[in-house]
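Presented sequentially are two complexes of subunit A, the first with subunit B as partner and the second with subunit C.
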Partner chain A sequence: MSDPMGFLLWTRGPMFVAAVSVFALGMALRLLEIFVLGRAPNYAEPRAGEWGPGLRTVLTRSLADSGTFRHAPFNVLVGWIWHIGFLIALLLFIPHIELIKSVLGLHWPGLRNPAVDAATVITVVALIAVLVHRLGHPVMQRISTLDDYLAWTVTFLPLVTGYIAYHRLVNPYPLALGMHILTAEIFLIVLPFTKLTHIFTAFIARWYNGAIFGRKGVES
Partner chain B sequence: MSQLSLERGLAAFRQELDAPAAAFFSSCVHCGLCAQACPFYVETGDPKYTPILKPEPLRLVWEREYTLWGRLKALLGLSEHVTDELLARWEELLYDSCTMCGRCSMVCPVGIDLQYLIRKTREGMVASGHVPEGLVGAASRAVRTGSPMGLQWKTLQVQITHVEKSTGLSVPIDREGADYMALLSSMEVINFPEYLGAITKIFAHAGISWTLSTDCFEATNAGVQIGSKDIAAELVQRVVDAAMKLGVKKVISPECGHAYTAIRWEGPNLIGRPYPFKVYHIIEVLEELRGAGRLRTEGKETDRLSMHDPCNLARKGGVIQQQRNLMELVSENFVDLKEHGRYQWCCGAGGGVSSNERAGELRMAAFRRKKAQIEEVAPERMVTMCATCRTQLEEGIEELNMDIPVVGLTEMIADHLVENGQPA
Partner chain C sequence: MAQPKTLGDSLRERGVSRRGFLKFCAATTSMMALPPTMVPTVAAALAKARRPSVIWLSFQECTGCTESLTRSFSPTVEDLIFDVISLDYHHTLQAASGEAAEKARSEAIRTNYGNYLVVVDGSLPGPDANPGFSTSAGVPNLQILNETVAGAKAVVCVGTCAAFGGLPAAAPNPTGAIPVHEVVKDKPLINISGCPPVPMVITGVLAQFLTFGKPPDLDQYNRPLAFFGQSIHDRCYRRPFYDKGLFAESFDDEGARKGWCLYRLGCKGPMTYNACATMKWNGGTSWPVEAGHGCLGCAEPSFWDAGSFYKALSVPTVPVGRTLAAAGAAGAAIGAAAAALARHRQRLASTEREPVRVEELEQKQ
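And now, the complex of A and B:
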């Protein structure tokens, strides 16, 4: 690990296994912590079932209603932009697809490198805008915690280091690539213990929301 | 407050935590969008009213005691304790500046049902003794007298006599085997006695078999408002006992929003079993009668009318289209507020805020959102179907020097009934 190649091999070997293990065990624990709490039976006569409305809200809550969009266009638009950009960089960059294929056996077509590059730049800019908004808006100042800044940092770093590695802005290349892989691993390690859990739990939360309202005959 | 009451509060928080609450707390990304959905934040601009901050005491207990990560943080002294001082600070956020209208629950991008969490957090507030005096008074009067306003049957009897004289119809009382048992709200009896006259006329017109019960006429539930399951269950049980004694098949919740949430959606869970009868809001009953052709009306209101959907009825109760069908029946110039139905803005008075005297200023601040909504469509009159909303609309409109009368939908329907071939 004393030389760049050794560092790269470490990030691709033992560190990768450690990060994936912490992520998988941590996230499994978080989900277990949610579901063991259970739910009391509901004796009120329902207007509709829970599964359909719950699944509907899982999908529809991705789009803001027109009133919310009018009240907070920045939150809605920039939130969309960076989430989509992040997903493009993560899931449609061909070397990433190759990695996923080698680990999970799943694969899909990727985007051409310049397209992923552009998405990365847009995402980095959007994330900076998100940070400025968090630091400056009175509501964001009031509700933000250390967790928010930690989650922002570990999300931002893999994008920047990925950009640096792709454009060979740091030499030697194994060092740049190793830094990118390491920041992605830090993201995985931190994920189960911060608000980044919403990557998984938001779908559960949306389902419960849709089910609770749907049972009463309201599309939520 | 004593250590004992704090412990009771913490125990209540623990009892309230369930899988949905844990999923909601696990998912918040602190995006701040819920603030934009809250009339108390939007109209005051004070970030402390951001809805996700309101259930913070419950979240702290959940994180410290129900997550491994939170326990580790607690061991290292990195997490905050729920103390009496903290709960005292939160009292204003949970009671004065929240009507549990659920609008934030509709817009949260990760799907947090915030009003679900706030309702649960109030349980711990009651158990720990951090509740506004006005609400304590209402709850204690409700338990003692059956009415949060201390209204007794003899006062209602005066209204009944008046209705019988003015309509020439009889108001059935304690009629066993009737199909419907009608409930009322004290605020309605005091502020809007025309409601009782209206249902008397409508039910006679449609040939409905109904009754009031001298054992229990109050539909509202101060226990649900304050956040005490014990009190709430006691008040629901009185309705159940009265309905079972008379052997009715259906119970009608009056023009009141939270009563409908209490008796229709929370009630069976409060007493821990399903009802042997069905519960409807009066608007649902009227819509059923309309659909069955049992409401014969004549003439329509010609002025420009708009409507305020009570949050508990529409967004939290699923009664949204019914009132619009009924408006169609009696109005030819109806215009909806731009954001209505499940996205409608709260009037600012529900969830116990109207019983909490010290919240008066905040209540009027929140009403300014409703005012803006009303001004957008410039109606000549507003229609609603909740006595608390109606009182708030009337007070707010008066205070802000708007000239817009507010009417109840049920009485508007009654005014258009054809009686013996003649308009009523």
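And now, the complex of A and C:
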């Protein structure tokens, strides 16, 4: 990997295997740990079902209530924008779909490149705004930890390097593409061990909250 | 010894008109990415250039590079350029054989010491490999290369095998094949990669050398920037389809018939730097992507080991399914063990707890 092509092949070969291995191992570990731990048995007679309220809560907790929006419109709006933009760039870019198809066998229609490109630019700008907000807001400053900045960095880098590679802003191209793949691999490695795990656990936690309230006959 | 003829004299003898010669000079100037004002300078320099002695060494190769050159469009002035260099040694093309052939090489080295060009096609077994894997007249490739390069003015590596190791060096590299640049460290070296290279790139580089007496500007792989400065993708006529996100998904679908981008069918154009898209093949007739097949990336190092020719560039070069499943299973086992340990601690805490009443605590105080 002493030259750009060697570097690209390293990121597409051994490093990719290492990254997905750490990711699969870490995520299975985290999720199993949560599921198997279990909860204390609840002997009370259920007042209502669990699944319906659980699923409803997944939806209601994903949409900010009006009070939260009034108090923190920036967090809600920009948060939504960059999350959607990130998902578009990740899941609807044709080369990414080809990658997922080759690894998992799953595939779906993609968006045209200019649409993904626009989503990427919006996401990058939104992520920069999020960081400026975090650094400038006194409360956010105080509650931010290293984990927050690490999560921001590993999320931001694949987007920027992807934009650079797509527009071929760095020469030679194998170096640009290799940088993009490497930053995505770092994202995968870091994901199970930081707050980025919420990609998988957020909806489980929301369902669980809703299910508990549902069982007790309480609206959530 | 009589002074060798100039290129101008040789071309005139062969009936090449002044107009034809200038046309070639204009094309060469353009290929070398020089401004049009340089055409007269190139013409004057080329006309006065003496036939340089060229020793062509063929090592672990398939002769495709020579085929590419000799079976190219002919007769053209480019072919004549090759006729008018003094090709003193070339296994495939020379009439002499056996000892006479080897004598021709020794003679060319002795007579033109310090001034001849060495062209190499093919990789060679490295210093640590069995030298018997590839020999000429019983002499190992490495020894021939070292002997021949010692008095060379410059070395031109033709084809990906000579430039980067190519097919012989592909995993598991049974003959310990290495590219020429790993042996030649102290001479100007130009790599003209490609499997095979575009014929006009070979003649163009030699014309550049004849004109200026020095190698052209090179990229980090010692390839002439004039020909390898831009990627296939950047100059591809299907590029607008990539930009619009219109891709052929099989070699015979509607997209393929409409000439859409071949990225999903494994085209390596985005990572490949070569002149195919602009110079094309067979006298400018067509080139692989125009014929409906993706670029294989043959001008790049390790292209044989860079994954399937028919998988997109974004796809990993190695299968990951089993590794992924094994890692997931290992993670699940560790996670289950961690959870079991936590449950055990919970149970232990509940059995070993010592209930205490408020009254007892108050009494203790």
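Simple rule for what comes next: the second predicted complex is superposed on the first by the 219 of 220 C-alpha atoms of A that agree within 3 Å, B and C clash if a C-alpha of one lies under 4 Å from a C-alpha of the other, contacts with A are read in each partner's own complex, and residues count from 1 in each chain.
Here is the rule we use: contacts are C-beta pairs under 8 Å (C-beta built on N, C-alpha and C of every residue); 3 or more make two chains touch, one makes a residue touch a chain.
None of the values given here were measured: they were computed from a predicted structure.
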item: Superposition on subunit A - do subunit B and subunit C clash or fit; value: fit
item: From subunit A, separation angle of subunit B and subunit C (C-alpha centres, steps of 10 degrees); value: 170
item: Touching partner for A:30 - first (subunit B), second (subunit C), both, neither; value: both
item: First (subunit B), second (subunit C), both or neither touched by A:107; value: neither
item: Between subunit B and subunit C, more extensive residue contact with subunit A; value: B
item: First, second, both or neither for A:38, with subunit B first and subunit C second; value: both
item: Which of subunit B and subunit C A:65 touches, first, second, both or neither; value: first
item: Touching partner for A:9 - first (subunit B), second (subunit C), both, neither; value: second
item: Which superposed partner A:167 touches (first subunit B, second subunit C, both, neither); value: neither
item: Partner chain in contact with A:96 - subunit B first, subunit C second, else both or neither; value: second
item: Touched partner set for A:20, first subunit B, second subunit C, both or neither; value: second
item: Shortest span in Å between Cα atoms of subunit B and of subunit C, once chain A is used as the common reference; value: 6
item: Doubly contacted subunit A residues - partners subunit C and subunit B; value: 29-30, 33-38
item: Of all residues in subunit A, those that touch subunit B in their complex; value: 29-30, 33-45, 47, 57-58, 61-62, 64-65, 67-68, 71-72, 75-76, 79, 137-145, 147-148, 151, 192-193, 195, 197-198, 201-202, 204-210, 212-213, 216-220
item: Touch list for subunit C against partner subunit A, complex; value: 219-221, 231, 233-234, 242-247, 263-264, 270-271, 273, 300-302, 305-307, 311-318, 320-321, 323-332, 334-336, 338-340, 342-343
item: Interface residues, subunit B side, partner subunit A - complex; value: 17-24, 26-33, 35-37, 41-42, 45, 47-48, 50, 52-53, 66-69, 105-113, 116, 264-269, 272-275, 278, 314-320, 338-339, 342-343
item: Subunit C-facing residues of subunit A, complex; value: 3-6, 8-9, 12-14, 16-17, 20-38, 94-96, 98-99, 102-103, 110-116, 168, 172-174, 177
